[in-house]
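These are the structures, in structure tokens.
Below are two complexes that have chain A in common, paired first with chain B and then with chain C.
Showing the complex of A and B:
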């Protein structure tokens, strides 16, 4: 193995058995995580999942009750936020209201003791990066939310941190702007080559931005994986439900056909096949069958009755009542410009899904 | 009905002031007899050394006590709103606001006793003078400033202080370079409040002033006791002018800062 390869093997950021307790409540519970250099890692979770507390510990605003946080092998737990090679972009952006854009960006550079000429060129470089050159003399209150967001990003990047933390970076923007900004953020990520850790509660944002996602719940990491694997092979019901839409049906293990697990699903009324990650549990074990609405086709297969549908432009969502009594959501892309709806209420239909598109969950 | 009551209330507050202002332009020697318009009493004031001296003392006391009160009041307000965890915080908060509700007679008397015993113990402050009035006024000015600052800091987005720390600043620099400038409008309006309160005070000043350190309200009061002369009206009008300017300025600064803050916290 070459030196370069081994350097990449060593995790850039290593969180080891970190626990944080506030007045008896455990916000982060014995959490360990390795993040590689130049990764855009998303911590995804609901409110109270501990994701923000973890981020604040990385920034240094909170001290872990126990555990270690290492950057390039050096423990930073005792280091003041001012001395860490880490910068943070705050959810509220936290721009200094009495300073203009250029002064905001220069603030961190001044604290480093950077000479003025160098500082000016660095500020100009940052303004270019976020395409805010014309706004250098503006005060924060004279700008829109999107512009403030960019300034906050430029300010956090100005010192050239090894690790950039972003706390809900896009949550304050409206939907349209948020989508645009996601791509800009990725672009800036590519240009700077800094490691990003993003905290978000928005699964779509995490899916779009991240190279890897860590889903947090009750202070623990439930699953750490690529967005694709999180979506396709969620580890449990919580993740399946949190990321995207999913049908969760109760089932029990009926057997093994070599590639897939065979499941008895009373709601569908027949045996179905699904993907099983790891060893197949004993026959009879209660499990959950998870199928995404878009993985289901209408036409042939298992019988059901259309209970309801909703036309959404790009897709139509059908809600089927299954033979065994359960409910199943199906989404069908509207490929042709359908003049009328061919499937309507109370119509008997048949649906099917490929075993690759269904996952067995162990809880 | 409510509107009528409001008008009545305002009338109660401001009609006497209006009457005083109008009568300050009275040409007549007699206070209660209208003798046409004139500004002679203002001219008379200008040549009255006792009044001018007192005005000077009052201004000096107001500026000094407001400044001292603002410094300490800011520190108290900062500590009360930031270091919320410490024991006896409730007691400390109550003690901070106590001078606001304490009868002035009590405050004045207790300060007088304090100054006397201090002088006996270590010879300072020597007698009653401008210094003692400044100290006395600073104590209650401080209480008002503390309340104003505490209220402002309650709505303060602390993440901007964290951002400064994240960008490499130390606590003192953060306080001086970020916190203070952001709350500056509250600081100024607190100062103006302390300034006007100091100008107004008669009771406390009466207790702690000495030879040659009579404040303007004290001079006015003693003049009135000898019988109301028209130049008192003129003097009263001038005091109203200064106080009103201070209050309005303070309110304007606060509301402008508030509006700006709202705008910068808008989402889009």
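Showing the complex of A and C:
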């Protein structure tokens, strides 16, 4: 029984202590990560964080300097990219310019030695999946970016990989198309049941797509969590700042009231309460108070002065000058069409936030 | 308006150049080919006579008919195409790997290698041919070396053979093949090769299905650049080749100089140009080669 249980619990993809050094610079630094079957995992990070290098090691284009990469318990380090049960959708799509859409999709199938009749039906199936049936005879340069993106996805999925790697899959699309495509990509993910690993620098993309996000910085995974937890309970200032907008205020620990930590925040000029993950540090420890702009309400509470505001259609963004001299961003949804312009420049206001909506960060 | 004139002038100058130094001489040569040889200055009869201001055609196409009757010309033409074609193919086989290595080298090495390809071009081709003669002749470096090593007892006949002609053409025209190939291969997106590997292609499969097809424009340009001048080549076969297998360029030279038959020489020149240019123009306009390949 225990054997069966451990076999089920074995992660699909296991990255163990992987390090990659290029000419003395460490791109990926002793990184370990387990990814479960049928997960849509997002590697999120800025440029130079090592996320693309990690992806290229999974594809087999780079060999780790040390460490192991296992798929279903089998080490694939040293296996030729052609022999891995892994396919990749490239950021540039890398469609073969001299082949039409059908030939591009069939390319990987031909290399498998799949008989022609089977190949044709597989290509048709893939074209249906990405809704590109009528484009089978087009050449890549005769299509828009969005269409090329779908063909690239179909080509990468055609061989039925166990693991699909997507390198910045939506970055080449314009904003509107990107939002539509995100949902389409999730739909295709649900239909295929393949494990996806997506690399992106776009936190919104990661939040929408992923079942779990791994935030990378300087070759290390800083936090691995669900999108909700990454956003609501970022581990440090870097993640809080990288994922969404956040107010970061200097504070020090003042005490413990059972559920929350009490913080002295000189910028606000009063004691505030916030969530503290783990043990509460000693009284007087310098920490950071993180509050998202949309968690703050205007009306009653702490005093401030409106320094500036920006009407953005769906929300209005207020910039408040605090009693203690700091700056605080507040975002308020424009629920009614009129009556939202009651707050204006230099007006004294009061703001408040629930202790559940604020997080204490250790660093 | 003024900008329009400026642009036209910039584009116009090369066209005027071509008109004066290519089209007009071409037309003169064509007129010469319609005359008959005679002892005079110039040594041919004119194609037109003037009745006051009205030109009257007195030439004939006899010279062209003559070209088809004497098989010397056909053989020379076919021999030229064969030698030029063979040499072009050899050039391609040598140049493709060279261009690939240069295109994939680090920027520093790339410049060094490119310079190594171009550098021989800066010396006179005649000098390079004479240098090759020094290597290939009976008492030359290669034969002396082979005999010293005991591989042969007597010198191998290399000069005045087709081998020497092929070798010299490949040697002389190699940069013209390497450079267009290099510029195509240098632009080749490396992620396409990664994508092919990712989709299960082995090294040689990637070469046949991706790299080679995508280098076709460079192959075509390089082959044209080598083949066309090689067909008309006359110095190399004259100095290196056997006397009994003249190329069309040597025939042309002989007609002009030894025979002093300018009209037939002009007809040979016009026929050669037509036979070369027309097929290539058809080739260029075929969508398969012109297009997206």
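One rule holds in what follows: the second predicted complex is superposed on the first by the 353 of 363 C-alpha atoms of A that agree within 3 Å, B and C clash if a C-alpha of one lies under 4 Å from a C-alpha of the other, contacts with A are read in each partner's own complex, and residues count from 1 in each chain.
Note that contacts are C-beta pairs under 8 Å (C-beta built on N, C-alpha and C of every residue); 3 or more make two chains touch, one makes a residue touch a chain.
The structure presented is a predicted model; accordingly, all values stated were derived computationally and were not measured.
Overlap between chain B and chain C is detected when the two structures are superposed via chain A.
By the touch criterion stated above, A:145 is placed in contact with chain B alone, chain C being left untouched.
By the touch criterion defined above, A:45 lies against neither chain B nor chain C after alignment on the C-alpha atoms of chain A. By the document's definition of touching, both partners, chain B and chain C, reach A:90. In the superposition on chain A, A:227 makes contact with neither chain B nor chain C.
Between chain B and chain C, B contacts the larger number of chain A residues. In the superposition on chain A, A:173 makes contact with chain B only, not with chain C.
With the contact threshold set out at the top, residues 59-61, 80-83, 86-88, 90, 92, 94, 96-98, 107-108, 111-112, 141, 155-156, 159 of chain A are in contact with chain B in one structure and with chain C in the other. If you check the complex, the residues on chain A that touch chain B are 59-61, 80-83, 86-88, 90-92, 94-98, 107-108, 111-112, 140-141, 144-146, 155-156, 159, 172-174, 177. If you check the complex, the residues on chain B that touch chain A are 157, 159-160, 162-170, 173, 178, 181-182, 184, 260-261, 263-268. Those residues of chain A whose C-beta lies close enough to touch chain C in the complex are 59-61, 80-83, 86-88, 90, 92, 94, 96-98, 107-108, 111-112, 139, 141, 155-156, 159.
Residues 189, 191-192, 194-202, 205, 209-210, 213-214, 292-293 of chain C are the ones touching chain A in the complex.
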